[in-house]
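In what comes next, subunit A is part of two complexes: it sits with subunit B in the first one and with subunit C in the second one.
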Partner chain A sequence: MSVSATLKYMVNVNIIGKTALGWQRRRAEHSTFSSSKWRTDILSEPLRIGARTKELISLHYLAGRYANGHRPVAWVTSGGPVEILQALGYYVLYPENHGALCGARRAVVDISTEAENAGYSRDICSYARTDIGSVLSGKTPVGKLPKPDLLLACTNICQTVLHWYRVLADHFNVPLILIDTPFVYDEAPDHAIKFVRRQLEDSIPVSEQVAGKTLEYKKLQEVLQLSKDATELWLEIMGRGKQHPAPLSVFDQFIHMAPIVEMRGLKTTVDFYSQLLKELDERISKGIGALKKERKRLLWDNLPIWYRLRYLSEYLAERGIAVVASTYTNAWGELAPLINVDKPLDSMARTYLYPILNKGTKYKLNTMRRMVEDFDLNGVILHSDRSCKPYSIGQVDQRNRLIKEYNIPALLLEADHDDPRAYAEEQVASRLAAFMEMLED
Partner chain B sequence: MELPAIPNRIETITAFKQNSGMIAAVLPIHYPRSLFRAFDVLPVEVWGPPGTDVSHGGAHLQPYVCSIVHNALSFLKKGGLDLADFIAVPHTCDSLQGFGSILLDFVKPKQSIFPLYLPRGNRPEDLRFLTEEFRQLYRHLSGLTGKKPSEEILLRCIRREEKADDLLRQLYEKRQKVSLSNYSFYHLVRTREYLPAETFISIAEKVLSRKGFDNPKGTAIILSGIVPEPMEVLTTITELGAAVVADDLACCGRRLYASGKSEQPFRRMAERILNAPPDPTRGNSLEERKQYLLRLADQTDARGVVFYDVKFCEPELFDLPRLRAKLKAAGLPSVQIEIDLNDPLSNQIVTRIGAFLEILG
Partner chain C sequence: MEEVKALGIDVGSTTVKLTAVDAQGKLIWHHLEGADPRVEDQVDHFFNLMREHGFDGKELPMVATGYGRNLVEQAEKKVTEITCHATGVYNQLGHGGTLVDIGGQDSKVIIIGENSQVVDFAMNDKCAAGTGRFLENTAGRLRVPLDRMGVEALSAAEEVAISSTCTVFAESEIISMIAHGVEVNPILKGLHRSLILRIVAMIRSVGLVPPLMLSGGVVKNPAIREMITQELGEQVTMPEYPQLMGAYGAALIALKNSNRA
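This part shows the complex of A and B:
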């Protein structure tokens, strides 16, 4: 680590960045809803926490911009076991989150084209294409991404990340830690849990070597506790969607989930979600819903369509449809009970084996059924995401079962989470319109 | 030179069942043949098959899932796997994992399903895990068949497969001297997908015992990808004046398993798979793949590589840009062809291969 890099980091991030972003946040907190781009006639005031979300994310990417030379940098897959890295002081970047941000800012076509021009097929995941395009061109809406000193790919969300991170490892010529998590069709056998635990153990010396420091067991426990606290809070937040009217929609969840994905293990994240929970409880006590008039309630399955969040939110809100729960956002909270700070590696092995994406198609169907019941929902939208095969394969049967066996209206909506070229607005609108009619029956 | 008579899949399956054997339909790519054989179960692989009516699969899968998985599901649904007693689904990629999952959860065919997870590395813990995974598969097969083959039987079956694989390796090594056309050579090599090892051994030994082989004619190329379908592409390559002198195909060259070392059967089976040639689905690095392809080219005087891939195959697609650039920098040019198992060989593909061969001169 260099003194000049540390100095730059301190000045730009800790002094200028924090001050400026804090000032921006305070100003935004006092601005009126009329400045919002979202429709005021059908949607309630945006959550006040939004200004804090923006500040946190901006600060996170600003810290990344000045991290090289000051802190070790790791690029990690979204379901990756980040706690060991956090305890070692890594700056952690999640290329998938960056991809989502590029999607929401509608920068994907431009950046992804850089990867496509270099020979990457449009049939591979659009997050990966966006990331590779950004690596090759330096294009990003956040200014600049730090170069990784270490890569960590965990296959608990898909095998795609393995192929993607092999490309990154080859490009950056840095170590790649693989945490391979055998798919859980029913229950994970003992040898699978031991396998993951051993890989976590083996990841420690590599991470230590790159960071140039030794992992302190107590620090790991602290980080794990913060991770557990934030995850439990996130679960509680999503649980507030059970209220009528729901105080937050899944579109709110998509926007405010960034810290639980990329800042697990930090105290800031726990504070952030405590604040969000408090705000939601205030809303509930005042009877304020995410929609001004909530008539029907839906479940969203799969990743968001990042570049059309506002359109979908408003289209549905106009018709009194609140999408109040999601299997995707739920995935970041449902494993909280598995985290045990007294048994860090054992509990991490179990926690990181069991995300919804690493479990069978029946498990997801049952999760949807349970959520429909728990959240008192009227139907399900299953986003058939061209870029995410592990999430999408099985949806045809899941939809059919929901409709035929459980009498739950369900719609399969073809799109892509990040690439607008795989999205047809007219087709989506007509499918949604037909679905709305089904809901009214 | 013609091949000796080779029974086809149906003939092989029928004959095996007549001798009280059972059949496991196995999806790509890696699995322990010897473990199935120890239970008197013949593994018969399902690489699609090509040209299947995919409407049955379309009732369960989105169009952006590859044709290998679409076709396999359609084939199963229309009764193509009725002769199979079991279906084994190695977790090769996200699509095959999804296939295994919907078979277990929704399609629920009459056959028992065995998912099999293959680790993505070649570390000591990968070997330990795969050894245990095979032990678990043994227990499943034992429960279903009522048999408990001893370690001795397991090792005997392993050694038989090792002998078959050694002959397969010899066929590849003598490829340049075995005067078989591209088509005939791959017709022979791909019988490893369904023939019992003992039958394959007998045929391979006959072919290898022939004398007076000619060198293959034409521009020497390497074929890489998943599966050479439609097989007519191999005839076309011959007609275009080229010879496939080596391959990096998932169904062929990536399964040139070396013999294991351990005397512990499950561990030995795992060693064989983990030490196979580089394969993106097992997590080998781009550098390992590059070195392997360059070594193949060096050994066979190949002048270029045809990457012949199935559409939507992410494990292949991720590697190609950097891998091709590395090969080019090392003086080995390549061309990338994308196919769907249900499409006939198009003029466009023929033209592209032809143009590539012209460049190679």
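This part shows the complex of A and C:
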């Protein structure tokens, strides 16, 4: 670690960045809302927490820009066990979150083309292409990404990450920690938990060596507690969607989920979600919904369509359709009860084995059914995501069973979470419109 | 002619259809022509036509459907082809079941319930495989007139397999077959098979609820009807004007709404 890098980090992040971004946020919080772009005829004013979300994300990427040389940097998959790294003081970057941001800013085609030109097929997940394209070209809407000193890939979301991170390891010539999580059909057998635990143990000396310090058990527990607190809050926040009208939509959830993914284990994240929960409770007490007029309520399955979030949210809101829950955002909350601070490694092994993508398709079907009941929903939109094979596999059967066995209307919508070239707006609109008419019958 | 009470217009990707119904919802007049990219002008021209036929369309309730539906300003309501086809076919045939509509750029499978309501539906993927455009393009390559395709295909004793479902790739596949001396009719039969298999997969994805019904311009082609029956082992029924069912359904919805008002 270098003194000049530390100095630069202190000045640019801790002094200038924090002050400027904090000031920006306060100004946004205190000004009355007005935006010519926001459809106030159909949507309630945006959540006030938005100013804080913006501040947190900007600060996160700003810290990233100055991290090299000051703090160890790790790039991690979204389902990766991050607590050990957080406890060792790593700056943690999630290429998938960065990919989502590129999607929302409509930068994916440009960046992904860099990877495609280098020979990466368009059949590969668009997050991977965006990340590799960004690495090869340096293009990113956030200015600059820090180089990793360590990579951590966990296969609990897909096998793509394994190959993707091998590419990164090769490119950056840094160690890659691989946490292999066997697929779980019903309950994870003991040997699977032991197997993952063992890999977590093995990851500690590598992470310590790169960071140049020793892991403190107490610190790990602290981080794990913060992780658990934030995850529980997130679960509670999503649960508020059960209210009629729902105080937040999944489109709000998609925007405000960034901290639970990329800032798990930090105190600021816990504070952030406490504040969001408070705001939602205020909305509920005043009977304010995300939509001005909520007529029907739906569930969303799979990743968001990042580059068309606003369009979809308005298209549905215009017709009084509130999408109030999703299996995707739920995945970042449903594991909260598994985290046990008294048994850090055991409970981490279990938690990281159980994400929805590491479980059978039956589990997903049951989750959808349960959510339809719990949230009092009228139907389900299943986004068939060309990129994300593990999330999309089984959707045709799931859709049919929702309809035939449980009498729940369901629509399959083909698109891609990040790549607009695999999305046809006219077709999407006509399917959605037909589905809406069907719900009216 | 009985008194026209409501109108339905279906602005599709290849053709535009206009229908008029009487107070009982009977189809009493219709008009069909190729789609003009300037939808507004075409609609104006339709209103002139109606005047020539002795009624003023502008005074009548009208519902628009099809891809260009949002461009029809005169329509009081825009309804998707799914709902309109279901309504039209149900009223013509008098029962629900599985409706397969093969259009120029879109194919759909619609499960219609006992009260004409849409229970479920599926549409082709984002590309034109499994739609009329697939046959149209490839027929052009083979220089066979569209209205002869089905008959020619059925007359072939042999059939060659076309492996590509992509319209563009199928074209190059055909070119290479012809270069290798393969006869035209077996290729035609293979092309129909390829289209039908796409449609059958779509039917299977929602689950067939008999009886099986067909609509859309493409189903006038006899090979389509025969091959669907072969593949599914189900007889098919068709309304009198398969191509007009979207516009007819739209007119019925306009009529129902005006009665309600």
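Structure notes:
What we mean here is this: the second predicted complex is superposed on the first by the 437 of 441 C-alpha atoms of A that agree within 3 Å, B and C clash if a C-alpha of one lies under 4 Å from a C-alpha of the other, contacts with A are read in each partner's own complex, and residues count from 1 in each chain.
Here is the rule we use: a residue touches a chain if its C-beta (ideal position, glycine included) is under 8 Å from a C-beta of that chain, and two chains touch if they have at least 3 such contacts.
This structure is a prediction, so every number in the text was calculated from the model and none was measured.
Once the two complexes are laid over each other on the shared chain, residue contacts for A:V174 go to neither subunit B nor subunit C.
When the two structures are aligned on the shared chain, A:I288 is found in touch with neither subunit B nor subunit C.
When the two complexes are overlaid on their common chain A, residue A:R431 makes contact with subunit C while staying clear of subunit B.
Of the two partner chains placed by the overlay, neither subunit B nor subunit C lies in contact with A:A20.
In the overlay built on the shared chain, the residue A:K404 is in contact with subunit C alone; subunit B does not reach it. Shared-chain residue A:V396: touches subunit B and subunit C both. By the document's definition of touching, of the two partners only subunit B reaches A:T160; subunit C does not. Once chain A of one complex is fitted onto chain A of the other, the partner contacts of A:A28 are absent, as it touches neither subunit B nor subunit C.
Judged by the number of subunit A residues each one touches, B leads among subunit B and subunit C. On subunit A, the surface touched by subunit B in one complex and the surface touched by subunit C in the other have residues 396, 414 in common. Listing the residues of subunit B that touch subunit A in their complex gives 59-62, 64-65, 91, 93-95, 97-102, 104-107, 115, 117, 119-121, 123, 125-126, 128-129, 132-133, 136, 280-281, 283, 285-287, 311-312, 314-315, 317-322, 324-325, 336. Residues 396, 400, 403-404, 409, 412, 414, 422-424, 426-427, 430-431, 433-434, 437-438, 441 of subunit A are the ones touching subunit C in the complex.
Subunit C contributes residues 67, 79-83, 106, 117-123, 125-126, 205-207 to its touches with subunit A in the complex. On the subunit A side of its complex with subunit B, the touching residues are 118-121, 123-125, 128, 155, 158-160, 162-164, 166-167, 169-171, 178, 180, 182-183, 185, 189, 191-192, 194-195, 198-199, 202, 360-362, 365, 384, 386, 389-390, 392-397, 401, 414.
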